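The following pair of complexes shares a single chain, chain A, combined with chain B in the former and chain C in the latter.
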Partner chain A sequence: MKKTYINGLGCISAQKTFDTIFLEEAELNEDDIILPLKAPVYKDFIPPVAIRRMAKGVKNGIVASTLALRVAHLETVDAIITGTGMGCIEDSEKFLKAILDNDEQFLTPTSFIQSTHNTVGGQIALGLQCKAYNLTYVNGSVSFESALFDAKMKIEEGEASSILVGGIDETSDYTMSLFKLAGFIKEENQGPYSVLEATTNGVVFGEGATFFALENEAKENTIAEILDLEILNKLDVSEVEDKIISFLALNNFELKDVDAVVLGYNGDVDSDSYYKNLSNTTFVNTPQVYYKHLSGEYDTASAFGLWVGSKIIQTQNIPDIVKLNALDKPAYKTILLYNQRNGNDHSFTLISSC
Partner chain B sequence: MYKGVAITGMGIISSIGNSVEENYNALLNSQIGITTIENIATVHADVIKVGEIKKTNQELIEELQLGEDNNFSRTAMLGTIAAKQAVKNAGITLINEYRTGLISATSVGGMDMTERYYHEYFDNPEVVKYISSHNAGDNTDKIASELGLKGMVTTISTACSSAANAIMLGARLIKSGKLDRVIVGGTDALSKFTINGFKTLMILSEDYNKPFDNERTGLNLGEAAAYLVLESDELVKKENKKVLARVSGYGNANDAFHQTASSENGDGAFLAMEKAFKIAQLQPEQIDYINVHGTATPNNDLSEGRAIVRLFGENKVPDFSSTKPFTGHTLAAAAAIEAVYSVLAIQNNVVFPNLNFKTPMEEFSLVPQTTLKHATIEHVLSNSFGFGGNCSTLIFSKSE
Partner chain C sequence: MEALKQELKSKIIEVLNLEDIAIADINDDDALFGDGLGLDSIDALELIVMLDKDYGIKLVDPKEGKTIFKSIETMAAYISENRVK
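== the complex of A and B ==
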């Protein structure tokens, strides 16, 4: 059975994650409740005429996927698989608002067209003229992992030798105001919003586009190998440790073999209870990493998490800004990632150096 | 020949019936579900026709016995009804007894509630509960909870081909041994959002849709949900399950032509069908019936027809029909309800009629089957295509 290697990365996020090595220019922002992404220079990647028509998520998806392909030295791929929680919500909002405010009249189709969840995947295919397998997953916090799971399965089936897989989500004004109203986002003017010392519900929100170029063979530029992935819709806090142990066992690993664990802490006191026990007992002797204080929380923030995990393996270094504890390892070979949100949509991802 | 993944249960709710039996009887008796819209207040009510399920949200809530504080979108309620039927039909009593997954498809998710309360959210605390229902994944999570399912749950959204991809993923999960059984399908409720979206694209018909007719004027939107239960052969044997039919082939390709339009020669459709034949290890001449995507838009039927001609040969095309004159185009649920119809065609050896057809298209000599036809049906091919160039084909086969 063919193995799955990460041979290219591209990341657009609230941090400077392009034209850098690994978060050396990262800035911790604990004052805002929404972290906008650092926009790349789009015209370096997309013709200016096209830029104006494109949704934010589409532009960032194209840039991130282009970067990933470049790093992997790939021109095209055998599959394009994306994950997005909400799709291009700015356009959804624009179209819905026009319907409601103009009594269903005088509408134009552009924002409707861009509002479908598979717009980014479709636009990447269009740009690459790639007629291969194309799929979009939309399941909350496992949207990206579903795409990654499919990609790995495609490689195992021998149906693809190279695959673009990515997670894309964008913020938009009205949806963010609804999320504040519903309490999903923290209340304004209550900062600093420290992810680790949180005592309230709600999160600091973010947006981003993170792409991976996967291939079925290790090359000179290989960054990491994806060993395994598991997706589960519901778990109780008390079940997580056993799940991790059995997931590791399936891959002939034990807890002590994990060189670093990347956890999805998002600053919601209830949601984070899923990680606390792991931090304090299960992985108390393991270097621990968190990242949503840099990216913000969003449905595909875990793709940023995988970017962090991959970079740790590539650079053999954990930057201080993502360290949860003071532990170090001489080498980072095997890394476990665990993410969930409010007890739903759990994912375990195991990666290693080659 | 690859025998395919076993289908052991089906459930469906559409504008032509609230169960598999009701849908089958409507198909046999040419009872269409296209009517004037009643459940959504829209300025287009007098001009459009839709495949609407004639149950109010309140009736659906009562049917599902949901509490007063529930925040189910209509999409989630329709999905739950169909998924529960499928699980019951497969004779499953302990849902978590084996490694069981749920792969659902939707395009609008909870849009029906979002558009209803969009401006009311800030004034009425009682409706704030619906903010979280918008997310597509929330709808699938609700279906999983109602089934009591704990396992691999995910959602696919590739516009109008979504459910075909859910069925394909499910079949791959069983084939690779990653799951023992999986519930696959899709759900979409009608919404002002999609009605107006398709209207601005000028592909909504004011008449009854007539697929593959030279005078076709566009599609009628519909709402529906349908799910299949797929199980591994080991489980089928162990539990002595009745196999309704099998998913023998699947293919997915991208047209890479235009964000919403299909290419004139149907490249994506051609590639999807070609891949499905490869997986099924079947030849085109072995197909007894094609349940075409056949939305009745000028663009789709031309593109799909050209792809079919390329693949089968203009004079060798098997009986084909679109069932969308019955149900309307139910978007992300379309491939799921049409999977149920494909299985019914196999089980009962029948080709369902392509209603409303009069004049062959001038571009080719394809003529759909316009009346109910009884014939031996071993293999059915079903197409589904969506915005974003997403093209998918499934092949269903009789179980030995």
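== the complex of A and C ==
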């Protein structure tokens, strides 16, 4: 069975995660309830003829995937697998608004074509002229993990030697207004919105695109190995520790072998109760990391979490801005990532240095 | 007719999201497709919808499009003769 190596990564997020090493220019924003994106110069990556039809999610996906391929020194891949919770929601809104505004007449093609969940995967394939396996997973907060799971299986089974896998989500005005009404997003003018000191429900929202170039062999530029991944639909708070212990045991690890744990704290007091027990007891002697105060919460924010975990292994450093506790280790070899949202869509990802 | 040409240039830039092009960059006789402005078949569909929505012109014969959408000049002439709003 082949192993899965992260040989390249690229990330566009609310932080300057391009043209930087590892969050050295990160800025904590506790004033906004929707974190604005730090956008690259898209024209440096996408031809002007193509860019004019693309919403920001598509542009971010293309840039992040391009960066991942560059780091991995790859020109094409054997598969492109993406995950997204809401897909290209900006163009979906445009298309639906046009239907309403024009009494179901005069429907224009561009926003319809670009509104599907697999637009990003399709546009990357068009850009690379890659006619290989191309799939998009839409599974809430495990959309990215579902894509990663598929990629890992394809590499393990020898069906592909290189795969581009990524998570993409974008914000849009109308959908965000609905999320505010539904209480998914925190109330305005109630800041500062500190993720760790939150006492209310709802989250600070974000958007981004994070891609990984996976290969079946370690190279000079290999960043980390993906050891294992598990997805569970529902868990009770009291079950999480046992699940982690059994997940680690499957890989011949114990809790003490974990050099750092990356937790998906998002500032929703109920959702974060799943992490509190782990922080206070299970991993009390382990360096702990959080990241959604930098990325915001969105369905594929866990891809940003994997980017953080991979960067810790690559740089052997945990930046202060993502530290949950003051513990350090002389080396970061094995990292566990745990994410869930409101008690659903739990994922455990185990990565290690090579 | 001159006002209509300016209006068409403005609408084409807006509808087709031609970010780097200004009204002054489009000459009346520039080819809209191919070597000129470089529009493609998706743009053609957008222009057909624009004719219907803004000028009440329904193109029933797709072959007509090739002549009508040749340039701003030909579009303006066709719209002037056939518009119902």
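Everything that follows uses one rule, which is that the second predicted complex is superposed on the first by the 354 of 354 C-alpha atoms of A that agree within 3 Å, B and C clash if a C-alpha of one lies under 4 Å from a C-alpha of the other, contacts with A are read in each partner's own complex, and residues count from 1 in each chain.
In the analysis below, a contact is a pair of C-beta atoms (placed from the backbone, for glycine too) under 8 Å apart; a residue touches a chain by one contact, two chains touch by 3 or more.
A quick note: this is a predicted structure, and the numbers were derived from the prediction, not measured.
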item: Chain B versus chain C as contact partner of A:Gly85, first or second or both or neither; value: first
item: Touched partner set for A:Pro48, first chain B, second chain C, both or neither; value: second
item: Touched partner set for A:Leu250, first chain B, second chain C, both or neither; value: neither
item: Contacts of A:Val142 with chain B and chain C, given as first, second, both or neither; value: first
item: Which of chain B and chain C A:Met153 touches, first, second, both or neither; value: first
item: First, second, both or neither for A:Gly122, with chain B first and chain C second; value: first
item: Partner with the higher number of touched chain A residues, chain C or chain B; value: B
item: Chain A residues contacted in one complex by chain B, in the other by chain C; value: 105, 107-109, 113
item: Residue ranges of chain C touching chain A (in the complex, touch as defined); value: 15-20, 38, 42, 45-46, 49, 52-53
item: Residue ranges of chain A touching chain C (in the complex, touch as defined); value: 48-49, 51-53, 102, 105-110, 113
item: Contact set on chain A toward chain B in their complex; value: 80, 85-87, 92, 95-97, 99-100, 103-105, 107-109, 112-119, 121-123, 125-126, 128-143, 146, 149-150, 153, 156-157, 178-179, 181-182, 184, 230-235, 299, 344-345
item: Chain B residues within the chain A interface of the complex; value: 42-44, 102, 106-107, 109, 111, 114-115, 118-119, 121-122, 128, 131-132, 134-138, 140-141, 144-145, 149-159, 165, 169, 172-173, 176, 178, 192-193, 196-197, 199-201, 252-260, 267-268, 271, 386-390
